[in-house]
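I have a structure here, written as structure tokens, and I will follow up with some questions on it.
In order of appearance the chains are A, B, C and D, and numbering begins at 1 in each one.
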């Protein structure tokens, strides 16, 4: 490495920083990072044309849900380094808030859904205000405690949550604006709703990760004190990402429970949390698209291996343990390490 | 306000606190020595309760508890050797949390598959009989035993950590693993010992509850949430902190439950934790280290 | 110093009565020093004398118990570290800190951007000037070949250089360096010394903690000696080395240890 | 000189990644009962050699002997019992325990019956520590902590003491004390192998110098001879022995120190 200290090739240095200019719209959408989003969106759009069976469409609906949930958790754990076990709580909070609003008020449905995300974000802001500055272990423990607390509250606060029975018979999401009247009452129509939301959510999260704020997020994960010394209000960044992810997760939760037409305290069970963990760990924490694709895998896989819930959870637990032991960076991390090695070899090769 | 009721709540708080103290001390030992937040602690506690459920009718109360402790300690060694020790060293902290969470799910769902989800109760004739009378307060013997076992176990733990060379070695590993290596302490051996102690303590906590309450695969979930809260409030890794806070939370819960619902009970513990974190983010008993 | 034109401007950094104790043990008590614009102040003292604690207090990483810290006459006592950094006190760390997964370019631009909220204009000309400066520091330190590589692959010396470059490129009000030379070989010591001297010639103000006597003597205009958390002496290096108290605490036996 | 105190390595390689040796195929017999100092540029493998001998590197190859005994297969604590003690770089004690408790852990590998005597002996030999017996180790000064670590390493009566950069971050006064203590230890017949960045002061205190470059031994000989060899000046500057160093004179540092 010392050989690098005396090589000067100033011609090369200028074009790394200057980027090719393109149309403003393209730039705003995310410019050169737009890459895998378009093929992914196209693939999502093609599913209803290829899949005829309603049952498989429902599996695809679950896959879309997992894509958003997994990516939101990845944003927190993979990019900012916050191991939050509260994500599943925000799914439930979003679900309960939107269900209650739709069944108890005359609120326009889309607003009720957004409000579900909003309530989740608000709760996240309150919990986060205390916890984001704590140590990694304390943060993980408190977020897990929060989820367990939510389960207790959902079961006991009968007046609002319907107790252990929960809220059932939720109406199909509908959008009626004048002559337009869209109802998502079949798995297929629900798929269109979810597909639109998923592409939008993935775009927004990808945009965040590739933005300058995304670089700050990685900086906080890699070395928080240094980020502070460089003038970044790291706690504010963490709080903002925590709340943003809670919003996306809460909104996904609302769409999830209206697809199931029911919500009860079991939404806070370990099942969803475990799915999110496996998706992110095996996909590769801190890599965007491998995590999104691994979500699809873990929605489809259990349908192919039909088994009892408990048995599936045992298998998932075992997968999580094995993944941590033998593929700690996940598939995405493995691919990234390989690409980086190639890049370094090129750099070294170019120098000599 | 009824004075007897208050005394009953107080006694109840001590009983609850004793269980929490056993669990929290185990969690703190594992965190302190291995730097692992053991999310499987609740599931292991449940296993301990089931082990006692099978042992006690065969061997009687005291031997049943000892057998449970020994079995769980061996399980702890197996987990340490088979899984935790094999985690890749970089980023091991968050991975160990995820690993123990995976483990918790395997154990808990495995228990449902093996033993069914329903609650079970120890046959009447295997439970400790009779009760203690303290003034007007009636304390069933089984509950009193929880306190006796907890105080004896925690006392032994204190002596082990502070008066023996091996306990000093455990504290040494928790303060500076490299220095421990340099003076010839085998980290593998101390790691095994910490897991054996921590899991054994969880087993004892579970075992002492078996004769008093029902046993079910889900029993670990709600209690572990409170124990985590206790360990965070006490200052992660501080064993004395964990024990003191365990009794505080036991009291808080007993009174919040006595005058409110299960929900107020849980919420009060959570709020207590949040309140402490607002004032002292590092916990009540952890010390500020000079760099 | 004499004020010839009107009232003298307040010193860049003025610390008085600074105190901090950990677990009842005083790490700092009643420490004071003054740093004038454009100078290099050396903070020296035996290990454990409180130098790093003083730096942590000034930059907000540790909350001081008592005292007054004025930056250009305005108090920054007890403020959050990122606010103090934006106010113009930018530091390095004793154990070098970098973002392992981010590239060298990203380090430089993060550093510039984080402090650019401190009222710097966002005009594109300004930004391109900053970018040029970033490039020239990387070239100066021989790191430009590695600019798109993640910082995790750098050697220890290169990491120290990158950390220093990320501070100097922002041209902060005061650059605070915590043992910039510790653990690096003399070749890199020369690079770092030259960079500091060059930046100082261009008007950069420094506060430097260092053990390297030669470096302190050749670079610092003023030295503050701490011992056991208290200020022992202050003055130009040449005067300081003759102070018997400093000898006792810091240099040990005179003329010893150099046999041969 | 007793033959059983003789530490030797042959065809010894060690490193962190399998197949990337930092210490490369090295064969050397360390002189018994003397102070050997290993110097060389950054990344030459000096620290890795010490860690490899004590068994702390992730992989190693070749053999390590003490006297006639091959200790390659032993884990770290086994090598300690075979007579090798290590004081690694940086702070390496138990900061929240008292000095007394630290010393009690220092004799961890001794039979129970010998422990109390060994602690009493250590307090006797290190009066500076005896005075601080009940203080937490983390609250001692840097020099005292280094002394404590040496005391802990010496309590098991090793044949060989390996010590990595004892002067790092210490004031000149504390440095002198540490080097004096090490000389005293060799006077009792223990072989000391030291890695030191502070080449001039380090070599001035030692008997034998070993110059390492790129994981191999470049040369070795009496410390004074190596210290005064003009060919070695680049090594003292942290560079390689075959390349010309720009600029500085090798003895400029000493000159400056004399001038103060």
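Keep this in mind: contacts are C-beta pairs under 8 Å (C-beta built on N, C-alpha and C of every residue); 3 or more make two chains touch, one makes a residue touch a chain.
Keep in mind that this is a model prediction, so the values were computed, not measured.
**Q** Among the chains, which is located farthest from subunit C on the basis of C-alpha centroids?
**A** Of all the other chains, the one whose centre lies farthest from subunit C is B.
**Q** Write down the chain pair with more C-beta contact pairs when C-D is set against B-D.
**A** Greater number of contacting C-beta pairs: C-D.
**Q** What is the distance in Å between the mean C-alpha positions of subunit C and subunit D?
**A** Their C-alpha centroids are separated by 31 Å.
**Q** Between subunit A and subunit D, what's the gap in Å when you average each chain's C-alpha atoms?
**A** Centre-to-centre distance between subunit A and subunit D: 51 Å.
**Q** Nearest whole angstrom, what separates the Cα centre of subunit B from the Cα centre of subunit D?
**A** Taking the average C-alpha coordinate of subunit B and of subunit D, the gap between them is 44 Å.
**Q** Subunit A to subunit C: how many Å between their CA centres?
**A** About 41 Å, centre to centre.
**Q** At least two partner chains per residue is the criterion; list those residues in subunit A.
**A** Subunit A, residues with two or more chain partners: not present.
**Q** Touching at least two other chains at once: which residues of subunit B meet that condition?
**A** 287, 289-290
**Q** Which residue numbers or ranges of subunit C touch two or more of the other chains?
**A** 25, 155, 187
**Q** Applying the document's contact rule, which stretches of subunit C touch subunit D when the two form their complex?
**A** Touch residues, subunit C against subunit D: 25, 45-49, 155-157, 179, 182-190, 211, 213-214, 217-218, 228, 237-238, 241-242, 248-253, 255-260.
**Q** Spell out the residues on subunit C that touch subunit A in their complex, using ranges where they run on.
**A** The contact residues of subunit C facing subunit A are 59, 61, 80-83, 85-86, 90-93, 97-102, 105-106, 109-111, 113-115, 117-118, 131, 135, 138-139, 141-150, 153-155, 158, 166, 187.
**Q** Within the complex, which stretch of subunit B touches subunit D?
**A** Per the stated touch rule, the residues are 165, 168-169, 171-172, 175-176, 178-186, 287, 289-290.
**Q** Please name which positions on subunit A make contact with subunit B in the complex.
**A** Within the complex, subunit A contacts subunit B at residues 77, 81, 83, 130-131, 133-138, 140-142, 144-146, 148-149, 152-153, 156-157, 270, 274, 277, 281, 308, 310-311, 313-314, 316-321, 324-325, 328.
**Q** Enumerate the contact residues on subunit D facing subunit C in the complex.
**A** Spelled out, the residues of subunit D in touch with subunit C are 41-43, 139-143, 168-177, 179, 197, 200-201, 204-205, 224, 227-228, 236-239, 245, 247-248, 252-254, 256-258, 260.
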